[in-house]
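Labels run A, B, C, D, E and F following the written order; every chain starts at residue 1.
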């Protein structure tokens, strides 16, 4: 597979990235109309860490980490490396040496739709990572691929320079051009959630707050006391 | 899908629930003749927590959390919310706002055969949860379902008012009418295990304690020194 | 299924086992030419633990732990129990009582290609374990199997007396006769990695250190500025 | 595991079973309000066969077919054998000899949430089967279980005497007491579908037939010509 | 979820579609540099059918087929319907009535990254389909989505008007603007394969035809007679 | 990964291979004491074909079919190609051109623990295959591997020259040195099965034929009339 290494793509504004880092993945995903989530198969190797950065993307052959080496050079301050493979793989393509090189360049973390290794070392050096698998399986450097081209993970297109936000709930991509709008929408959503939280703490029900009682009635959902329900001869 | 919200089902006796909370999931499952386990796909989002409560059950459409809102109103002190969907889903149907509302009502935790989100926040607020997935994916409120009807998770039927016990090993359901009997049997099993533990610590073997040497012989299992075995020309 | 319990197999030299315990799973796997890894489906129940021991192997019927009882007697100081089943199973075949008996005999841990239970207790007693599932599901003692015969996990053959090394990245098997050689190769690899780490910390790139720029060129991978790439009318 | 073999359970009326056999699985599932489906993991070993019968249920230990032998005696004319295991298993618990014995007794087929073997022979002898796996893996006869107790497959409870209907789309269970009602509802649904089919053949749209244009508008779904959509600068 | 129904997108040239229909999925995927394949999870419900058409795309909520109704109106002669959901689902969203309506409009088939039902009927009416699951599970019409927006299946972006080619090996997408080029490249590849086939039939080896003997040597792959290899004391 | 191509390994006697070809996979697996099965994940691409041959084994890097080219030269009359990868892969490593070359050399079929493509063409040319996936995804020729070394599929070790037997139920390996013994045992088992079949056709029960009534009693399995069971207040 021949490929291309795209240099100097435009990146989301650092201020917008910082703003987005103030919100959780679920909040930003909701604020963008429930889009951008990379799927539940990507899990963090650490707990309690939230990070945001601009994507440097890598498309690799399975079992081959040559293109990650090429990508390191394209990475700089505030970036977050995003790696996927041309077909499914659990091999441990990324470990502590890569993390050392990336950290030295100011890279904030890794999202990889394949395997990762040296997980204890990565935790020790505070290099956060989200991966589809943990595996010590090593890889070769034999086949070409691409850097900074659009890639797809979990049904979402990620372009170089897009914002990647990751926490314990998973990973969300915010398109570069929508970073400001998404940050703004997230702030609004969080304000709304704060009000809802306060109301819930005082005992209000979602049924009432969101006007759902009517909806239940329209949908034909009925209330029935247990005795009546049980007497109906329902076989349950 | 129309549905029904069953109100005021009978619940297991609080004293029996407390008694069961004193034992691990594995112990209670064994004490009930190896029944009631909800399967290894349900994993805790926290570590080292054991909780027991009476089930409030929810049957939802995939990608839709309307019925969880309806269920909140049916929940009270000592309950534990149990949610499943009519077809498989990993969507994050439950998060911090629901947990806030439930905690305020005295609910002890969540078991959900689907996705959960805001996991860091749930851990921070000590609201324990067991789920089939972690996902920030949001849901709609568009389709009816049922509350407090019998539901099935991992091949086990759960009825409202049944006891749910969960810990790091998974989740077990104890039918309401068998709660006392199960607590009693668990106590006996634990006593027996304590005696076995003591014996093992003094070097006794399970082979002898359980009379298994005879069984091995009956089954035709034989002992063979390594040299003899290797010389047999076995290709291993 | 009749079977055989092989007694007193030769074991890897304790000194070699200790030497291997000084390296991570990924390092040893690489040092052996990327072989021996038991696959990403085996996950630790604890974090931050590395252990090495000599394998006592068990081949069991699914849902049946009779042969683990037989294996306990064959275990001693410095061993590590390795269990698999004749067909896939997630049942919790191993728990705290077994761990108690094994720890009393100096056994260092467990690797099981099936389920495990009492995970909180195992963590409390510092008995490390790697398993394919966590499940409280209990088992019977009804069908024969074998102890200390070659078994296969994740495509790797494990013979009694082989070295098993496990950490957060997974589990690797080192054939008994290659233990010394593997330890030696691991030491060399670690020296090389230390040099690379130092170079990376000073900003050297893998592209240069490993001579990969040439390889990329040979493979037809080209560099292209973003503006040019975007202007190409590529639909991305 | 001790167990119980329940004899002479009541069965659905043969006339209702025949009536249900006239409809497809999808039709009956819809007619019952979208309930009763045993899930997409059960696949037929043949193509183009539809069969209905009254359930004789078996709960077996994984890797053990003892209870199927016990069940054969409980089977008779018009029955359909339904087998599940206490924990997940792909072992080939059922083959041509069982099919020979069952066919001789008038049994109509098999639904098994585990493995099956001798599939070529079963097709040759016109004994239809739906299974979770095809596997030649053999089993033992060592552990007890139950016959004609309620079992759960794919989240559905199946009781002895219930109607099982299976075709290329999967398997549905109709509770014994609802067999007549389900047949009646299926007939009505099929009539309705025939009318819809005729309308569709004449070019009517579901949008109009089901009044969905309004619903789309209410949900905020809008129509946009491609040029306008593309010009919006949407990054797609 | 609000959404948009995009009308009258540009489509690949019919002549190019016909040209592509003359090649297999594997050939076209190779001719495009090993890109465009939708992944092995999409399987045909029939055997021996190859079809090509222009994509009409649908993005639906899981468990909801409202947007397929909206899509029917956008479909015409030579199209092929492509459906995916916002989160994973196996529900049977598509059946015989939809196929009737689509066939009446000249639509050539269906690719759906979810479930399908009425598979026997679809085969009978020669409406080919590729799906991620077969399931009779019914769906609602409650939540909005989009038609003719870019969708992602198996890591590939599909835009309305792109060419979809499907056969027993799976499904490949050819971007609209590359249809001619892909057809041309496929023809060349097929010519080359014909020459290779002829050479292979006369006994030539791929090792020689592709010059791989040298490559093996460069990679350090060596030849060894069995006796020598076995005598090496390799434990295999 | 450097590797080795082992030439001229000893092969199972052709007469024994022919003898084994007369029995089904399930029969041979049983006759060998329920061993040798390669697991239910390997499925045939055709129906109703049984084939036996001597294994030529290939160990490949994922996404790379270089070593299959090397293996072709090692294949001859009566062989069956067995391919696996160093880590899991679904890529379509094998297609019609390989089949053409192999058929020309008298090779009987393929077993591959990865993907296959050109399935329609393979069926047309009567080249039978069993694979873990069907996928058109193409591969490179960049990384070394081995031919005719022991490989592992589904937990079974396969050595060059071993007998591979495959049919609709799956694939079984018979070690070279045990081929005669396995054929003999299969014949005996088939004779026994014929007698059982005859007995079953005359109405004898397995319960009686295998003396299982006693076993059920020993295991504590009891018989209970439905009315009594239902009256027990069991919640089912």
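Quick note on the criterion: a residue touches a chain if its C-beta (ideal position, glycine included) is under 8 Å from a C-beta of that chain, and two chains touch if they have at least 3 such contacts.
Quantities reported herein were computed from a predicted structural model and do not represent experimental measurements.
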Contact distance in steps, from chain D to chain E: 1
Chain whose average C-alpha position is farthest from chain B's own: E
Same-site or different-site touching of chain B by its copy chain C, using the half cut: different
C-D compared against D-F, more contacting pairs: D-F
Taking each chain's C-alpha mean as its centre, the one farthest from chain F: A
For chain A paired with chain E, centre-to-centre distance based on mean C-alpha positions, whole Å: 27
Chain centre separation in whole Å, for chain F relative to chain B (CA means): 38
Computed distance of Cα centres, chain E from chain B, in Å: 41
Chain D: positions in contact with at least two other chains: 1-2, 34, 86, 90, 135, 137, 143, 150, 159
Residues on chain C engaged by chain A in the complex (per definition of touch): 24-26, 29-30, 34, 37, 39-40, 43, 47-48, 50, 167-170, 172, 193, 196-197, 200-201, 203, 205-207, 210, 212, 215-216, 219-226, 229, 236
Contact footprint of chain E on chain B as seen in their complex: 1, 61-64, 86-91, 135, 137, 140, 142-143
Residue ranges of chain E in contact with chain A within the complex: 1-2, 33-34, 84, 86, 150, 152-153, 155-157
Interface residues, chain B side, partner chain A - complex: 1-10, 66-67, 69-70, 72-73, 90, 92, 95-98, 100-101, 104, 115, 117-121, 133-138, 141, 143-146, 148-150, 159-160
